[in-house]
Amino acid sequence: MSAPAPTVAELAQRYGLELRGAGAARIDGVAALHDAGPAQLSFLANPQYRARLRETRAAAVVLRDADAAGCPVPALVSRNPYADFARIAALYESRPAAPAGVHASAVLAPDAVVEAGASIGPLCVVGARSRIAAGAEIGPGCVIGHDCVVGAHSRLVARVTLVARVVLGQRVLVHPGAVLGADGFGLAMDAGHWLKVPQLGGVQVGDDCEIGANTTIDRGALGDTVLEEDVRLDNQVQIGHNCRIGAHTAMAGCVGVAGSTTIGKYCLVAGAAGISGHLTICDKVTISAMTMVIRNITEPGEYSSGLPMQDNRSWKRNIARFRHLDEIVRKLLPRQRDPDHDE
Amino acid sequence: MSAPAPTVAELAQRYGLELRGAGAARIDGVAALHDAGPAQLSFLANPQYRARLRETRAAAVVLRDADAAGCPVPALVSRNPYADFARIAALYESRPAAPAGVHASAVLAPDAVVEAGASIGPLCVVGARSRIAAGAEIGPGCVIGHDCVVGAHSRLVARVTLVARVVLGQRVLVHPGAVLGADGFGLAMDAGHWLKVPQLGGVQVGDDCEIGANTTIDRGALGDTVLEEDVRLDNQVQIGHNCRIGAHTAMAGCVGVAGSTTIGKYCLVAGAAGISGHLTICDKVTISAMTMVIRNITEPGEYSSGLPMQDNRSWKRNIARFRHLDEIVRKLLPRQRDPDHDE
Amino acid sequence: MSAPAPTVAELAQRYGLELRGAGAARIDGVAALHDAGPAQLSFLANPQYRARLRETRAAAVVLRDADAAGCPVPALVSRNPYADFARIAALYESRPAAPAGVHASAVLAPDAVVEAGASIGPLCVVGARSRIAAGAEIGPGCVIGHDCVVGAHSRLVARVTLVARVVLGQRVLVHPGAVLGADGFGLAMDAGHWLKVPQLGGVQVGDDCEIGANTTIDRGALGDTVLEEDVRLDNQVQIGHNCRIGAHTAMAGCVGVAGSTTIGKYCLVAGAAGISGHLTICDKVTISAMTMVIRNITEPGEYSSGLPMQDNRSWKRNIARFRHLDEIVRKLLPRQRDPDHDE
């Protein structure tokens, strides 16, 4: 931003927001409600933080109509404050531009293709027959194996590995430490030893996907592992071979999905949930944190499992009873058949 | 495969399988039942996919005798279809050969030893007194610290770290992002601050082990952390210091094993299970997904814990009751002593 | 240690320990009770290993007064044997010294600052405006982005990534594969697509922190993610954006903490526990392994959840009952209102 910082009124107009209050202040940054100073814009989206609104010293706040009355400073009224704030915040993002071209320290296979306008950072490796499309940015320390494609305007931040046969769409963002295209976990027991089942497929990642730090997505055993467009994976997620993740599905940190599972579109999977292999989850399913999914899900909705924390003494008493829950119920309700037991 | 592709009959003969049907078709690849075309071999091992057999267009299918009658195309009958398919599929694996020798961009300590026929890829580092045996392949971006050994025909795919005193046997395969030999988590509280306990041991990995992407195996505090032969670890597994994992044991993704635990031979640990420290697990134990293991296991068999998913409303009602389970049982069965409570 | 190895008596004097027995043996290393030979020092801190004391062949053992009577070899009596052993063991730690200066293969931004006495290893990258303080050691293959600081005498072991705006204090130790400062998981749903919320903050890491292999700590969305001094994180821990972790808190492997959660000082979080976002945990809280924390904790103490393992048949019976627990209790205690249900 070398131009003068925009005023609150200018932001209102540019992003189609209704301004309530004075619009003359110039905004040179963004901050949380409790941190923002008089030249910074803030926002209120999560009702949990409503109490902080009263004390904010921000220049202006992006918020819902219902919250505007309680705002002590100028308000920018939005139907989706988090999204509108995100758009404005992008104005204040800055990082050193990656120069187009191939850094002298990078090592490229003779038949690797780097299109004009792509950037290959220092200490990268690009393997045989791989192609880096125009506008793509390969940050420092990335290793791209053979037969990969990085689509236009995609970015591998740093130290990302694409092992083999990984095809990324456009505007894909991959964070450091992620490994795409490593062998799936395919083993056959044979005369007392494990025999490795060759993993021959690839990984397809649709446009606008984002893949978190140290997340792993295995290559398919035969076909490909697929992320459809706009899938968002947080850090340390594990996606097994031959999974298919539907468009616009998001998974928080530490989720694990075993192989050959298909997940629908617009699903939300909260942190550390585990999903078994060979399952099918329909569209618009929400899975709460640490939930264990071991059956198909055929109806949209929210699904949960796990026990929330208690003080240690209560927990010990309760799990001791749980160990005998079936016996206890049989004693108390001797004639009631357990409806799930024999399935 | 520059020779002409083998026929179904040739594969039957080479791998000792019984051919039922015509054997003349040439097989130039392998694919899943629903994807395979008329020059591809497929297989049926998991009964869940039996329905797909009827519609396959594969050239031939490797399957069990019991499934052969339902096969619409030539069948290769096997007692272990997954294993026999794996052997055949290996014919169709191809990747650019790693050239023997040390890439010009690699950085080697003066006293590192690279045996004839080993390959050190671009942008690798090999530290003091480490040795890379004949036929071993160190892929791009690996860092090998001091006093390590990579055994003959082992392969570090890319961007693997062996920190210090890590000794790999023969034919070990390590996937990208794995870290072997980092310090174990040893801390002593001392006058209100943590004091780091020096981690002086190493890691020993037996022949034929496979270690998944972003998996971590800590060095021992005093002795070594040990994987016996043919141990198979999937991605994002964590093995604490001084663990010993028995031969032929396999662990799926996201399993965590805390320090100083000993696990037997031929165990199977499913995804995201957690095993506490200082335990002993006997041979031939199967632990199901997301199970919490906090006691020794002395009998072979299958062990489980965790709650499978329910719809969110039912779950909320049930966990609310669980919070008071001991009280409820005391009220209903006032004279029954809890057998586990006082242990 | 080029000087002659110290005797038991010399160690007793230097570390203020009471010697019981002969002090003449020279100690040239440290080992576990069952491994130690006649020139090695061992220790007994965990009562679980008391039986091993009787059979030790160590030169001497560091232990508590109460255990000294059962020690068959000279004893060094300590009130905190683990800590005193740790101090002595540090004498026997050896690794090749990292030479001061910048390795020829490293790639530094023109405005990166490397203070005198710092060491930048091979194949590292240091970005714009970043500063590596005196005595800091950047091991091989690290990538440091823009606007980072590595404080005096901190060490990045190898292949660590600091993405952007990461500030490490003094004597911080970061293990391989760790990623600090990657974008937090900030997304707004907007007209059926995800809109990325810019992640503009940084990460602050206090003095004496230790960060495990493949652990990830996201940069703040607006403000910073903060680790206060002496925080200890094991491997594969995930810390979401805008978290604050109090001084002297330790977390074992595979713990996940979602965004915007504040954890107090002197907390202990055992392996694979999960802590939801936007929570506050007070000081001196212990959370046991695999516990699910979804509410604030306002009282010091120990908290737990999860079900310990059973044999698979018992578990199946019990979870089948759990699925109907609320119904069962309603039937048995029809007049008892569920106290938690409506909260």
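We call the chains A, B and C, going by the order they appear; numbering starts again at 1 in every chain.
The rule we apply is simple: contacts are C-beta pairs under 8 Å (C-beta built on N, C-alpha and C of every residue); 3 or more make two chains touch, one makes a residue touch a chain.
Since the structure is predicted, the reported quantities are computational estimates derived from the model, not experimental observations.
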item: Same-site or different-site touching of chain B by its copy chain C, using the half cut; value: different
item: Size of the rotation, in steps of 5 degrees, that lays the CA trace of chain A over chain C; value: 120
item: Rounded Å distance between chain B and chain C, as computed from the means of their C-alpha atoms; value: 25
item: Set of chain A residues in contact with two or more other chains; value: 105, 123, 141, 159, 177, 214, 236, 254, 272, 306-308, 310, 316, 322-325, 332
item: Complex contact set, residues of chain C against chain A; value: 105, 107, 109, 123, 125, 127-128, 141, 143, 145-146, 159, 161, 163-164, 177, 179, 182-183, 185-190, 192-198, 200, 214, 216, 218, 221-223, 236, 238, 240, 254, 256, 258, 272, 274, 276, 278, 286-288, 291-295, 297, 301-308, 310, 314, 316-318, 320-325, 328, 331-332
item: Contacting residues of chain C [partner chain B, same complex]; value: 30-32, 35, 46, 48, 80, 82-83, 85-87, 89-90, 92-93, 95-96, 103, 105, 121-123, 139-141, 157-159, 173, 175-177, 208, 210, 212-214, 230, 232, 234-236, 248, 250, 252-254, 271-272, 289-290, 306-312, 315-316, 319, 322-326, 329, 332-333, 338-341
